[in-house]
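Per-chain numbering from 1; labels A, B, C, D, E, F and G assigned in written order.
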Amino acid sequence: MEYIYAALILHNAGKDVTEEAVTSVLSAAGIAVNDSRVKALIAALDGVDIEDAIAKSAVAAVAAAPAA
Amino acid sequence: MALYTAHLPQWKRDEVEEIKRHAEEYKLVGLVDFQGIPASQMQQMRRNLRGSAVLKMTRNTLIEHAFAEMGGEIEGINNHIEGHSALIFTNENPFRLYKKLQETMTKMAAKPGEVSPEDITVPKGPTSFPPGPIVGQLQQAGIPAAITGGKVVIRETKTVVKEGEVINAKMADVLSKLDIKPIDVGLSLQIAFYEGTFFEPKTLAIDETEYFNNLVLAAQQAFNLSVNAVIPTATTAGAIIGKAVREARNLGVEAAIYEKDIVELIIGRTQRESLAVKAIVEEN
Amino acid sequence: MEYIYAALILHNAGKDVTEEAVTSVLSAAGIAVNDSRVKALIAALDGVDIEDAIAKSAVAAVAAAPAA
Amino acid sequence: MEYIYAALILHNAGKDVTEEAVTSVLSAAGIAVNDSRVKALIAALDGVDIEDAIAKSAVAAVAAAPAA
Amino acid sequence: MEYIYAALILHNAGKDVTEEAVTSVLSAAGIAVNDSRVKALIAALDGVDIEDAIAKSAVAAVAAAPAA
Amino acid sequence: MEYIYAALILHNAGKDVTEEAVTSVLSAAGIAVNDSRVKALIAALDGVDIEDAIAKSAVAAVAAAPAA
Amino acid sequence: MEYIYAALILHNAGKDVTEEAVTSVLSAAGIAVNDSRVKALIAALDGVDIEDAIAKSAVAAVAAAPAA
């Protein structure tokens, strides 16, 4: 999950989610970074609207929530 | 007026005076139809009404006499006299009286020639009759009866008389043997005159369910108003606090305000978002 | 609905819900009272449990909440 | 809740919900009126769309219901 | 809702929720305090278990969610 | 939660949610104010539409509630 | 939400969630770190079982899923 978290930190901070950025976030946390996992993550996120994905997860939950 | 009073024999005179006295004494004068009520049941109804209403059975002509003598609005009652009318006097309001009278209604067996007030259905299943001529009687009345396992059994549920149809002698006989009671018997209110106003039976029928639902709705509206407009009462204070806390929690989570009480909520939310993104990453 | 509210005021205040009481509450609100509606109300309340209706309103609120 | 019901009677009858009006409705019901509760009611209703507030389900009801 | 929040702050801080305390919290926020609303609030809270109401507000969310 | 409640009091009263204002509300409640919590609060609220945030259901509530 | 993500990365990587660690993860992401929010986060997480909180969010997601 760390790789996803790293991507989301960057996204939340309005930064580009690049291989370098993800690698440096993970490294700062003292994690031995697996290059190919980073590459796979970036490739998978290519073309994905993260905001949209997050919003959808909220909508699903909101539908279930009482105060909505 | 003198025209009416002149030629009445004393007993009729007394009846008329009694009606007039009651009409002045009680707030409500009602006209009821007691057609078809057996004497035994009439006794029961009188007992049920005792204390709250006086039932006066007399001749229709004497009723007309009395109200004509009284004159004024109450004379309008005479327009509603029909069949076997009796008078009912009470201080209850007409809605209550109507309800009370409805409650005295009972089901009775049909007599030959009576009109059925409803569809009469004979249910399928075993009867209490031992095999015998009863089977033929049932069949003649159009009821599919047969003998099965030493018992008279009705093979299928069947509607034997439709609402509004006359119940003939054969049918009346088998229905009573089957203990089916289709006839409503009781005092039915024809008109009520109460404190200067006439009330027709149709306006007196109250839908209690509707009142109950309206009470529920009103209580809910008051609750909503109290909570939404933040008017705390003993009943709603807890709900208002709950709402305030929820709103504060919403703000805390939305704005990622790291406070002890909600940090788990914030973790939960980020986790959910992460899972959503993870699902996409894994798909691609 | 005023007639119903009037009944609830009286009930809540622990007063008997009578024709006179309902009429005077409504009149005090400047409402031209319809006698036969008051009578119908009183008669109807004979067979209706107000406490029960109030309790049900709370239950209904629970049921309704998630859909809100 | 009597105070709330008094406001609802007035509102339903198209009357202004004023201190005087609420007080007279409650008095007519034989209730010893607490001035400050009346004032609080009027103050709280200031600017509130009553129609809206009665229709909106108070979600908090969920929490309160078992206690009601 | 300010009045409620003031009460909640005091409650959270382990202070008694009194007229004076609520008034001073609201005043500190620069709010022109309506005495009647404070009195009504204190009266309404009498006998209410605030802790319980807070706990229930959380439970309610759970209860409602699966039903959606 | 006091800090959030303080922010909501100010917001509800149409006041700016500043460090000073939050501090004085909390102080009025007799709370020993932690400067850095106040600063964190103000920073977190920067750019947030409070009205909007309040209305949004904190779906996560579902998750945390069993602990409540 | 970046701050929480940083904490989650550290937690996932089996590292202690300290002010320094969180700050360095956020800095590596190119984020101008607000000290007070970091402090608030660490204070808020004190005594919280992150594993548990994560597990609970999964339960919530399941509850919400049918509505999705």
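The criterion applied here is as follows: contacts are C-beta pairs under 8 Å (C-beta built on N, C-alpha and C of every residue); 3 or more make two chains touch, one makes a residue touch a chain.
Just so you know, these numbers come straight off a predicted model, no measurement behind them.
Peer 1: Relative to chain F, which chain's C-alpha centre is the most remote?
Peer 2: Most remote chain from chain F, centroid-wise, comes out as B.
Peer 1: By CA centroid distance, what chain is farthest from chain D?
Peer 2: Looking at centroid distances, A is the chain farthest away.
Peer 1: Does B-E or B-C have the larger number of C-beta pairs in contact?
Peer 2: B-C
Peer 1: Roughly how many whole angstrom separate the Cα centroids of chain D and chain F?
Peer 2: Comparing mean C-alpha positions, chain F is 30 Å from chain D.
Peer 1: Taking the mean of the CA coordinates per chain, how far is chain D from chain G in Å?
Peer 2: A distance of 45 Å separates the two centres.
Peer 1: How many angstrom lie between the centres of chain D and chain E, each centre taken as the mean Cα position?
Peer 2: Centres of chain D and chain E (C-alpha means) sit 19 Å apart.
Peer 1: Return the distance between the CA-based centres of chain A and chain G, expressed in whole Å.
Peer 2: 14
Peer 1: Which positions in chain E are in touch with at least two other chains?
Peer 2: 1, 5, 8, 40-41, 43, 52-53, 56-61, 63-66, 68
Peer 1: Could you tell me which residues belong to chain B and also touch two or more other chains?
Peer 2: 218, 222-223, 230-231, 233, 236, 238-248, 250, 256-259, 264, 266-270, 272-275
Peer 1: Which residues of chain B touch chain E in their complex?
Peer 2: 230-234, 236-248
Peer 1: What residues of chain D sit close enough to touch chain C in their complex?
Peer 2: The touching residues are 1-2, 5-6, 8-10, 12-13, 15, 21, 24-31, 56-59, 61-62, 64-65, 68.
Peer 1: In the complex, go through chain B and note every residue touching chain A.
Peer 2: 246, 250, 270, 272-278, 280-284
Peer 1: In their shared complex, at which residues does chain B touch chain C?
Peer 2: Listed in rising order, the residues are 93-96, 98-99, 195, 197, 199, 203-204, 206-208, 211-212, 214-220, 222-223.
Peer 1: Which part of chain D faces chain B closely enough to touch in the complex?
Peer 2: 1, 3-5, 7-8, 40-41, 44-45, 48, 50, 52-64, 67-68
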